[in-house]
């Protein structure tokens, strides 16, 4: 029944990589807390680098350095 | 003043259906908890089926079965 | 498979009221978008009035007026 | 180390305005709570007006008045 | 730089189990997407079973069966 | 109409500091994007240091160093 939200910058994650994140985190919750995988929900948000900031700076600018 | 976030897979919800969700949940909060509809905020996120997992599997794959 | 997060101020919602929110929003998603209730997840966050602001003011202060 | 999520309707915020939000909120957390800006993360979600409701109504409709 | 939010019901997860979730998901993001662990943030929300619903029912009630 | 969620570790932020965050971020949205302060909602989540990880480590442990 856990709900997991993974936010990453939109920088080309493939379908296969996203599938790995989903299966990996579902498995981790089963292994660690015995959570039922059947009702574990994972949502991945890919966020434009213009909309993500760290250290007070926009990631789009950080990527140019 | 409540804030409601509804996450669904992006699979063709129409403007009219989304309007119904917004009015329906606002009404539910008023009826149940006497919350002021004027300041009730509802945000709907439509998520690509590649980015949604359940049971460790990507919804895009589940939909093919 | 939808995921719904309802945030309200912590001001005495009862177990019965929270149960009504959960069943009500699950039903709304089924009626409106034909979403499967069995995998619809609803999480209610009750937030201290000191931690909720509207109009630039803390709700705890607004409640005193 | 704080994490800030800002949700606004998608109505033409520019890159420069989003950069200002990111630097502004990071600075606010440093000034107010002495939080380290280097690990402060800010994510801006721009939401379609069809997917945002207030007062039980869709923002797209409110904007027409 | 990823941000991960894990929501589970509050049913006795230990400090050690939560530490395992944090290190496990950070490692998964590094392995799968080459994300820098140093800036990967993980936040775990433990939610009262009265405030979590699935299938239109409150988890507190489901646990009694 | 913006919605802002600020997540910080629970390490003694005072009512006054939280009020400053709420007024500060509301003002920032008005100044930067001309958003109406009256309907700007800010929610602060204070998260136990056991439940927050960065760099794959639990903040509780990082604080001991």
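First chain written, first letter: the chains are A, B, C, D, E and F, and each begins at residue 1.
Going forward, a residue touches a chain if its C-beta (ideal position, glycine included) is under 8 Å from a C-beta of that chain, and two chains touch if they have at least 3 such contacts.
The shown structure was predicted, so the numbers you read here are calculated from the model rather than taken from an experiment.
Trainee: Which chains sit in contact with both members of the pair chain C and chain F?
Mentor: B, E
Trainee: Could you tell me which chains make contact with chain A and chain F both?
Mentor: B, C, D, E
Trainee: By mean C-alpha coordinates, which chain is most distant from chain F?
Mentor: Ranked by distance of C-alpha centres from chain F, the top chain is B.
Trainee: Centre to centre, using CA atoms, which chain is the farthest one from chain D?
Mentor: Centroid comparison gives E as the farthest chain from chain D.
Trainee: Looking at chain B with chain D, do both copies bring the same residues to the contact (over half shared) or different ones?
Mentor: Different; most numbers are used by only one of chain B and chain D.
Trainee: Could you please state the distance in Å, as a whole number, between where the Cα atoms of chain C are centred and where those of chain D are centred?
Mentor: Centre-to-centre distance between chain C and chain D: 21 Å.
Trainee: For chain A, give me the residues that contact two or more of the other chains.
Mentor: Only 1, 3, 7, 39, 41, 43, 52, 54 qualify.
Trainee: Output every touching chain pair, sorted by label.
Mentor: A-B, A-C, A-D, A-E, B-C, B-D, B-F, C-E, C-F, D-E, D-F, E-F
Trainee: Which of the residues in chain A come into contact with chain C in the complex?
Mentor: Residues 1, 3, 39, 41, 43.
Trainee: Please name which positions on chain A make contact with chain E in the complex.
Mentor: 1-9, 13, 17, 20-21, 24-25, 28-29, 32-33, 35, 39, 52, 54, 59
Trainee: Spell out the part of chain E that touches chain F in their complex, as residue ranges.
Mentor: 15, 18-19, 22-23, 26-27, 37-46
Trainee: Looking at the complex, which residues from chain C come into contact with chain F?
Mentor: 7, 47, 50-58, 60-61
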